[in-house]
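Shared between the two complexes below is subunit A, which pairs with subunit B and subunit C, respectively.
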Partner chain A sequence: MAHEKYEPVIGLEVHVQLQTNAKIFSPDAAAFGAAPNTQVDPISLGHPGTLPVLNETVVEHALRLGLATHCSIADRSAFARKHYFYPDLPKGYQISQYDTPICYDGYVEIRPGEQKNASSGPDSRRVGLTRIHMEEDAGKSMHASSGHTTQLDYNRCGVPLLELVTEPDLRSPREASLFLQRLRQLVRYLGISDGNMEEGSLRCDANVSVRPKGRKAFGTRTELKNMNSMRHVERALDYEIARQSAALERGESITQQTLLWDADAGTTRPMRSKEDAHDYRYLPDPDLVEIQVEEPMVEEVRRSLPELPRARRRRFVEDVGLPEYDAGVLTEERAVADYFEEALRHLYKRTKGGDTDAQAKAVSNVIMTEVMRVLNERGLSVGELAVGPERLAQLVFLRLEDKVSSNGAQEVFEAMLEEPDKSAGRIADERDLIQVTDRGAIAPVVDDVLDDNPDKVRTFLGGKEGLLGFFIGQVMQRFDGSPDPELVRSLLRKKLDARRDTADVDE
Partner chain B sequence: MSVTRDDVRHVAQLARLDFSAEEEARMADELSEILGYVEKLDELDTSGVPPMSHVLDVTNVVRNDEVDDRIDQGQALEPAPEADGDHFLVPQVVE
Partner chain C sequence: MEYPTFADARRALDAGETSCEALVSSFLKRIDARNDEINAFTSVDQDGALNHARYLDSQRERGNPRPLAGLVLAVKDNICIRGYPVSCGSKMLADFSSLYDATVIDRLRDAGAIFIGKTNCDEFAMGSSNETSHFGPVHNPHAPEYVPGGSSGGSAAAVAAGMCHAALGSDTGGSVRQPAAFCGTVGLKPTYGRVSRSGLVAFASSLDAIGPLTRSPEDAAIILNIIAGEDERDSTSAPVNVPDYPTALGDGVEGLRLGLPTEYFAEGLDDDIRRMVTEQVDRLEDAGATVKEVSLPHTEYGVATYYLIATAEASSNLARYDGIRYGYRADLQETKQALQERREELKAELATARTQGEEARVDTLEAQLDDEQSTLDALYTRTRTEGFGDEVKRRIMLGTYALSAGYHDKYYEKAQRVRTLIRHDFEQTFEEVDALVTPTTPTPPFQIGEKADDPLEMYLNDIYTVTANLAGLPGLTVPIGTHPDPPNLPVGLQLLGSHFDEALLLRVGETIME
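== the complex of A and B ==
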């Protein structure tokens, strides 16, 4: 297969839409989803005589991402005008950065060996970041299928973006997708973007070329646009790599061009050459002065950074005592990791020591199964869950103390969702789910059940061990309350064995 | 530096301007003259002088991240040559 002889070389350009109240150069709201042209301003509409003023939070967000990706920070950074004519950009130019991006020379670590469920040793690899710069978003144009007009909504015009450019360090579509997942996780941890690809908060273009394996020089690249989900990025790259490999195999050459991914057709097609004419005539924007980032500001932002996913994951393994897999799942979202730690803190207050690794694992188990299932089923974020971290800790404590069975715990959890004001203990109590672990209380009932069923006891002793379930059921039913099923089982075994011994003697 | 008619046509195309043949010729002459005038600056030795991005020696002019709704939809659309009540309308742009 042609594919096997060639190695893909991929670099990405990613636009991250920032979460700010106002736009980057004007005070109109930046929120997503408002009625068309209700969040606009003379500045974002490009009216003559208006003057853009930089939103300070955009600089802070840029520094947050830059520091989290090990970038150098430019001490002086300027804005430039990037000229092109398209109706989604009323000024006729986009305010961006050109030769002095605010952050440069960083990296993001990915683990290509990492599979969701595999425990294979993940090998870490660095993907270089050439630069991160600040710029403004354009408006949205809608092309009516009928008629001869295009509708324009300028709500998005001037919404702040960070553009990241990677080095051509990625070697497979899978790696590209891993990089994007990692970046998405990072911007969410940093609280600078919601990272939602489908809604356009994270937009990705890719430069891709192939070269015969072992060759150093890069092949001719194409640029892929219009991939609006992780899955599409992988599919589009797969397609384009196969297309280029096949062309080279036939002895054809690759044309450097911009291609649009057509998700419905599953193919790429060239953009019209006119749109591909890159002649942006960058020039420093005389409306905006330089940004000078001084060391104290960098230090302040560095101090305010949250613990980042990789570090947190390592801590969950090394200090908290979780398995690697659990640590990975729980740190995927910052809010879930916070919830876990808060629940664990409440649990430690109750247990006051003991096997803390086992306690952490118990909390992890109920989050990974019950909590995540409910979040998925109901489309909730963890902050919206009726069972907060303290009540979750109450439930885990009941289970650890063997006050409720594992089935009982599940039932209590379901009930807690509906009764947000009651403690786990009270719910378990009201529903008679507190296990009786007192052997003295259970033993007489076990004797009664065996005495009342002499035939079944004989059959059991004759070898039909399956009847044990029947006895357990009988005891559970007769007992007033919820005996610990494991205890019932062991008592039954003991007493049945005792009867076997007497039966042997009788014979 | 001399600006050719091809240069004029290219820049005009980028700016979506349409010139007649005479205008193209005149633009080429005038732009050449302007650039020739500015070429005087090349006589200065600027090696070791960092490029200047702004005439004012001021940095970090910023504002707080606060929303101010200065105009509403009606005011936004009012000066538009064509609008449909919600959107600005322009001649069809083909993707």
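== the complex of A and C ==
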């Protein structure tokens, strides 16, 4: 394939929509999903005489992301007007930042060897961030399919955005997608955005070029737009890389242009040249004063940063004693990691010592199986789950103490979902799931069963070991309560072996 | 007029000699008698003003008068009052009303001011003669064939003609001071940041300032007291203490150091204006001020710098008038039809060129067809072509050019650097002197139509006023008599001070007018 002779070079421009109570330059609400044109004051609509006033929260959010991505913070930073005419842009310009972005020169670490939800290697790579800057969002144009009317919703005007620009450090569509996953995880950890690509809170454009493997110089790049999910980013890049490689292979040259990803057709197509030919005529915005970020403010934000995914993952392995894989899965979402730690804290209160690694693993197991399954099935976030961390700890404790069997634990968990007010112990008790672990109580029942089935005992001893299940079933049935099946099994084996020495064996 | 200034009216109100309602009625009569001729107002709110006056009178009866109760104020039609038109003298906003109050309006209304109407002005405050208004020119109350100055020509004329106690104007390059001088009123442009710009329709945001036009420095001080101060709705408003301006008015000029900048008395200054200003300087010296000549060497670049920065910002500020959400919109059917006709025309020409085998022509026409506007672009173009007047379009084009790729550094950036030099000139000078005395304008008022076709000549009329805007300094003009030729037309003297030193300028102005 032509493709394999070429190496792709990819850089991303990502817009992160921030979660704030007010817009970046007006007191208007900035919530997603409100009825059209209900979050529009004269400032959002750019009415004559209105002035923008900066919402300080946006600066704090920018600093959070900047510090979390190892950026330098500009001590002086300004807003600029970027001009173009479009009906969803009420002022005829967007307030953005131009030559003095608030954060610059950072990086995000990705692990290209990483399988989905796994970590298979230490081969992490740094993707450079050129800059992060603040800007306002435009409104939304909704073009009717007939093509003759456009409806405008100005709610989104002035919703705060951070734009990140990466260095051309990515070398495959998969890496681009990994970068976006890391970024999404980060903004959610930081609590500055929900990072939802489908709803447009995370938007990504890509610059891509290809070059013969081994060559240093970059090829001519194209810019890809209109990719609304991680999957589309990968597909669009795959397509574009193949297209460029094939063109070079045919001896054609690449035209520098902006391309739109057409998800339905699975192809890219050029934007009209006029849409692409902007002279934005940047102008320092005279309505806004320079932002001066003082060192104490940076320190304040730094102190308030939550533990970030990488650090947390490392701690889960090194201090908590989880396997790498578990640590990766549990730290993917901050809320899940919080849930895990809270449950573990409750569990430690009960166990008061012992093998804490095993205890952590036990909590991890039930989260990775039962909890995540239910979250997926029901489309819930962990915060919405009826089983809170304390009750989860109760359940794990029952299991660790062997008070319930693993099947029993599963049943208790299901019941806990429906009965949010009852403890795990009470549910197990009510449902007769507490295991009897007293050998003295089980042994006579085992003897009774064997005595009552001499034929089957003989057959078993003759080699039909499959009958063990039958005996276990009989014991469980006769027993008043829930004996531990493992215990029953081992007792049965012992007693059957004892009979082997005395009995006549059917050969 | 019984009570020409608000200060007089307030004394009469306090003494129970008149009422707010009587004051408003007398001004309304005056407007009725003279506005047809002068064209100072674009809208008059007779009922609203009378109702508010009655309300204020009843408050006074209950022993609860407001500090500015009875101040009858006209407001330039580029300052927003909720529910009132704010046309900016433009067809673009001829039918537009504001949804909110400007901060100055909020504060003045709270203090008891009565808004009697909105005043005519040059379109989007762009002009020095009030001839660019969509609502027609304003006539100088002292001689109707002469201009009142601009852009706050309606405000100046309304005050001079006794149609109100005072008016609010806006000053971007002299738009309060020059018309005040031409109409014989006091005009104050406060320090940039002294008065909130929230609700002032922007022309050039880094230069714009709202200021009062009054019949006395005292009235200007009384109004500034209310409108000055930081505002959370304007980040460029300054967190600087507001002194009590009227208190210092009577302190005289004894011991003050006044400077006469050589460059403001150089070639191009009318001889009579020079003489009249010099006479006032002598009076100030007699009153105890010391006077010395100073130099502001970058003055000669003032007008060029101003017209680059002001037009660049204007091209940006006026981008919002696109006919989509509010304001004037060109007829969509006509737009589509024109577009269609244009296409047909090009196609016909193309067909002809093809049959005649003119290949170059074919290429050009094909490219033109290809380049034809979308309906949206055509609607923008038509809306802005029809909605803006010539002077506004001229400045939008100049500013767009100055900001465009390849010219940005050469024009806009360079102008910013010169602006810094001009500011430094003033800073250095104000280490030696307390205030500067200059003419407000190089010439007396000119006739309507005289300079309308010569923008450069018109721009040069701002030569002594633009520098205060570029440097963000306060400037005050006071009337110093009438010119011999043309006779009876007023002449103004300008005082420039250092940042936030309005009190000193008002004090010198008071001494001159005593």
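For the reader, a short list of remarks on this structure follows.
What we mean here is this: the second predicted complex is superposed on the first by the 494 of 507 C-alpha atoms of A that agree within 3 Å, B and C clash if a C-alpha of one lies under 4 Å from a C-alpha of the other, contacts with A are read in each partner's own complex, and residues count from 1 in each chain.
Everything below uses one rule, namely that contacts are C-beta pairs under 8 Å (C-beta built on N, C-alpha and C of every residue); 3 or more make two chains touch, one makes a residue touch a chain.
Given the structure is predicted, the values throughout are model-derived calculations rather than measurements.
When both complexes are overlaid on chain A, the residue A:Asn55 reaches subunit B alone and has no touch with subunit C. In the superposition on chain A, A:Ser72 makes contact with neither subunit B nor subunit C. Once chain A of one complex is fitted onto chain A of the other, the partner contacts of A:Gly46 are limited to subunit C, with no touch recorded for subunit B. When subunit B and subunit C are set side by side, the one touching more residues of subunit A is B.
In the superposition on chain A, contact of A:Asn407 is made with neither subunit B nor subunit C.
Contacts of A:Ser141 after superposition: subunit B is touched, whereas subunit C is not reached. By the touch criterion stated above, A:Pro286 is placed in contact with subunit B and with subunit C alike.
When the two complexes are overlaid on their common chain A, residue A:Lys91 makes contact with subunit C while staying clear of subunit B. Contacts of A:Arg81 after superposition on the shared chain: subunit C is touched, whereas subunit B is not. Within the superposed three-chain model, A:Thr255 lies out of touch with both subunit B and subunit C [touch as defined at top].
Subunit A uses residues 42, 45, 53-54, 83, 85, 87, 152, 279, 281, 286, 288-289 to touch subunit B in one structure and subunit C in the other. Touching subunit A in their complex are the following residues of subunit B: 10, 14-16, 53-56, 58-73, 76-77, 82, 84, 86-95.
Residue ranges of subunit A in contact with subunit C, taken from their complex: 42, 45-54, 81, 83, 85, 87, 90-93, 152, 274, 279, 281-283, 286-289.
Listing the residues of subunit A that touch subunit B in their complex gives 20-22, 27-29, 35-42, 45, 53-57, 59, 76, 78, 83, 85-87, 100, 141-144, 147-154, 277, 279, 281, 284, 286, 288-292. For subunit C in complex with subunit A, the touching residues are 78-80, 86, 88, 93, 96, 98-100, 102, 197-202, 204-206, 232-236, 312-313, 315-316, 318-320, 322, 324-326, 371, 376-377, 380, 400, 403-405, 408, 412.
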